[in-house]
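Structures are listed in the sections that come next.
What follows is subunit A paired twice: with subunit B in the first complex and subunit C in the second.
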Partner chain A sequence: MRVLLAVLWKDLLSEWRSRDRVVAMLIFSLLVAVVFHFSLPGGAGARSQAQAPGLLWIAYIFAAVLGLNRAFSVELENDALSGLALVPVDRGYVFLGKALANTAILGVVQAVTAVVFALFFQLDLLPIALPLAGVVALGSLGVTAAGTLFAAVAVRTRFREVMLPLLLLPLLVPVLAGAVRATAALLQGDSAPWDALQLLIVTDAIYWIVSFLGFEYVLDE
Partner chain B sequence: MHGSRGSFSGHPSTRAVARSGALLALLAAGWLASVLGAPQDSVQGVVQKILYVHVPCAFAAYLGFLVTGVSGALYLWRGEARFDRVAAASAEVGLLFCSLVIVTGPIWAKATWGHWWAWDPRLTVTLLQWFIYLAYLLLRSFTEGDERAARFAAVYGLLGVFAIPLNYFAIELFGSAAMHPENLQRGSLGAGMGLPFLAGVLTALAAYLHLLLLRADSIERRNALQELLEARGS
Partner chain C sequence: MSGALIRGRGLEKRFGRSVALRGVDLDVRAGEALAVVGPNGAGKSTLLRMLAGLVRPSAGTLLLGGIPAGRPGARAQIGLVAHATFLYPQLTARENLLFAGRLHGVAQPEARAARLLEEEGLADAAGRAAGSFSRGMAQRLSIARALMHDPPVLLLDEPFTGLDRRAGDSLCARIRALRAAGRTFLLVTHDLAQAAALADAALVLASGLCVRELRGAELGAAALEQAYALAAGTAR
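What follows is the complex of A and B.
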């Protein structure tokens, strides 16, 4: 537990001091939102509101991949991966610390992106802010679990920036499906459908458990 | 390991490869004969005969996926190299069959539905499976270090296996109308179609087994050669 908190605190603190990941992810998300305006027929606006949930999650996932690519780069550049691997406890706790930090960082970016999307797509997010935050959190947990595991994998491969999305995206389809469905329902004024939430919860649980167990085999010296 | 052996002839793997090859040849001949002799579907015409290729290939692709996942898990648990070899070989052979499924399916679809593709649950999951297989093989190629590659691939293979049922639920959620024909049940095939179908399934499974053994054997030889060269070089 102490290892988990130590890793979590270290990552959040270093991110707070440098803010390089958050800023990069944020700028990227905003740019993506602008590009959506130009790529949609008729531009982003009331007419394209039906597309908003899907586009929002595409922006989220792209930003997540961008951030996750850097998840282990600090350790890699400073030859500190062995340090992480040599913890006296189950390496899964390192995973938990890392994944939670990634979730927090992603969450900040997601919140700002949602506001920008609300502006561009003329959405009214205030009444659904809390349930939306819940759905986004559920979706993000799925993304960061598998994402953190594969970030640790990708950091040991050639073409690591390409490997991460290659490994991650096919496995994110269940997360995307549930999250977009739930987000769309919320934006229409309905409550999030239970089967969507169920899919998200089950996927998150499986991904977190398997990633926790698998991290032992993935983080090596 | 079998140590420094001069030649591989008579090696158990080679015999197994040869035997499975003979079995495959026999089954394939029988299957071809039964397909040619099978009656033509009154509604779909000759294109219906793709069923005898498409579905057996799908079985082999799913089996390959399962074997990759299970073998990888066994490798993580036991650490024996042969489990990793089987996992790698199964992924390659499975990808081949998955590609065949994705190629033969649209050919049939264009002829019957009028368009090449639909985002139906089964098609979507098969496509995703193809991408996961591909990512698995790329991961193996691009990871630095053989032992590390084996470990990484095993973990990815396991997650991939979980992703498949999750994807089924996910796509059902999206409410895509299921256009793909339902699972075949007894009697749903017309008269005279049961035999070529069964022959096809057996042939595909035999082909999978033969190619798996061939590939696993080939990987083993390559690894042994690498070890020999490294031992010589040092």
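What follows is the complex of A and C.
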């Protein structure tokens, strides 16, 4: 647990000092919102509103990929990644710390992006803020678990910027399917369908467990 | 050798089709300092990183205090100082040490960090970001980082690289002081005079093979130069 907290503290403090990751993710997701707003026929009409859940999650996922790439590239400076690999406990705790830090940073970006989408697509998010936050959290946990593992795999490859989305995006299909269905239901005034939530919960559990166990080997050179 | 703190037998490492180590044996007693020398590509750093648990052997066994290298129990016994400092430039010197201390479960990391900063002559720079440090200061902070959990074994991978003469001498004096305190050392270096002066024994590697082992009275700058020249010839 101490390793988890130490890595979480270090990542959030470093990000607070530099703010480079959160700013890049925010600018990117805001640009995506602007592009979608102007590229869809009918502007903020009913058809656009129907597409909003999918578009919102596309913005979330691509912003996450951008941030996850950066999460481990900072560890390459001064070969700090090797320093992390020397922890005298299972390296899975390093994964937990980094994945939770990634989830927190992504959460900030998602909150701002949701507000921008609400403005552009005339969505009333206030009445569903709480259940929507729950669905977004469930989706994000799956994204950051798989994303943190594969960012660590990709960081030592030659084409890491390209490698991460190639490895990660196929794995995010179940997360995207569950999260978009649940978000769409909430935006239509219904409750989130249980089967979509189940899909998210099971996917999250699998990704967190596999990533925790696999991280010991991922940090080997 | 009986009672070896570090014991390696038949160590091999392959990276795809290239072979970095070919059946190296290794024995280091507690409190002993072993220098590992050899031309570029000899497998020195691979051997050291194998000891640190960063690289898994393709074949052979490597034990630290009876525990296979790479296991958490073996990693706890290791402090690693390399050319790269493992420091986070956005964090201050003190925060870098606190982070290392927390990773290793040091009981009172603040007090330990303050003492090590004092010992390394960095107390005045404790609140400065590590990214603003000179190469010499960063290397001293890197040593403090490696010593945060008071490991019995210190691995030094070309620690003098990039240091000016004054910083190199200062690092040398620091290593001697740590040696006198009974710590076990493995030093990878290209500086044969420093290796002969600091170590009790030397392993000369070439193309992943151990071509010579020098111990005790055999180990001198001239003998090491000769063995190194032979190794460089073998590598060619």
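A few points about this structure:
Going forward, the second predicted complex is superposed on the first by the 216 of 221 C-alpha atoms of A that agree within 3 Å, B and C clash if a C-alpha of one lies under 4 Å from a C-alpha of the other, contacts with A are read in each partner's own complex, and residues count from 1 in each chain.
The criterion applied here is as follows: a contact is a pair of C-beta atoms (placed from the backbone, for glycine too) under 8 Å apart; a residue touches a chain by one contact, two chains touch by 3 or more.
All values reported here derive from a predicted model rather than from experimental measurement.
Of the two partner chains placed by the overlay, only subunit B lies in contact with A:V153; subunit C stays clear of it. Once the two complexes are laid over each other on the shared chain, residue contacts for A:D220 go to subunit B and to subunit C alike. Look at A:G178: by the touch rule set out above, it reaches subunit B but stays clear of subunit C. Once the two complexes are laid over each other on the shared chain, residue contacts for A:S14 go to subunit C alone; subunit B is not touched. Of the two partner chains placed around the shared chain by superposition, neither subunit B nor subunit C is touched by A:P127. In the superposition on chain A, the residues of subunit A contacted by subunit B and by subunit C overlap at 220. Contacts from subunit B toward subunit A in the complex involve residues 76, 128, 131-132, 134-135, 138-139, 142-145, 148, 151-152, 154-156, 158-160, 162-163, 166-167, 169-171, 173-174.
For subunit A in complex with subunit C, the touching residues are 2-3, 5-7, 9-10, 13-14, 17-18, 74, 77-80, 82-90, 219-221. Touching subunit B in their complex are the following residues of subunit A: 146, 149-150, 153, 156-159, 163, 166-167, 169-171, 173-174, 176-178, 181, 195-196, 199, 202-203, 206-207, 210-211, 214, 217-218, 220. Listed in rising order, the residues of subunit C touching subunit A in the complex are 49, 52-56, 70, 72-73, 75-76, 78, 80, 82, 84-91, 95, 99-100, 102-105, 145, 149.
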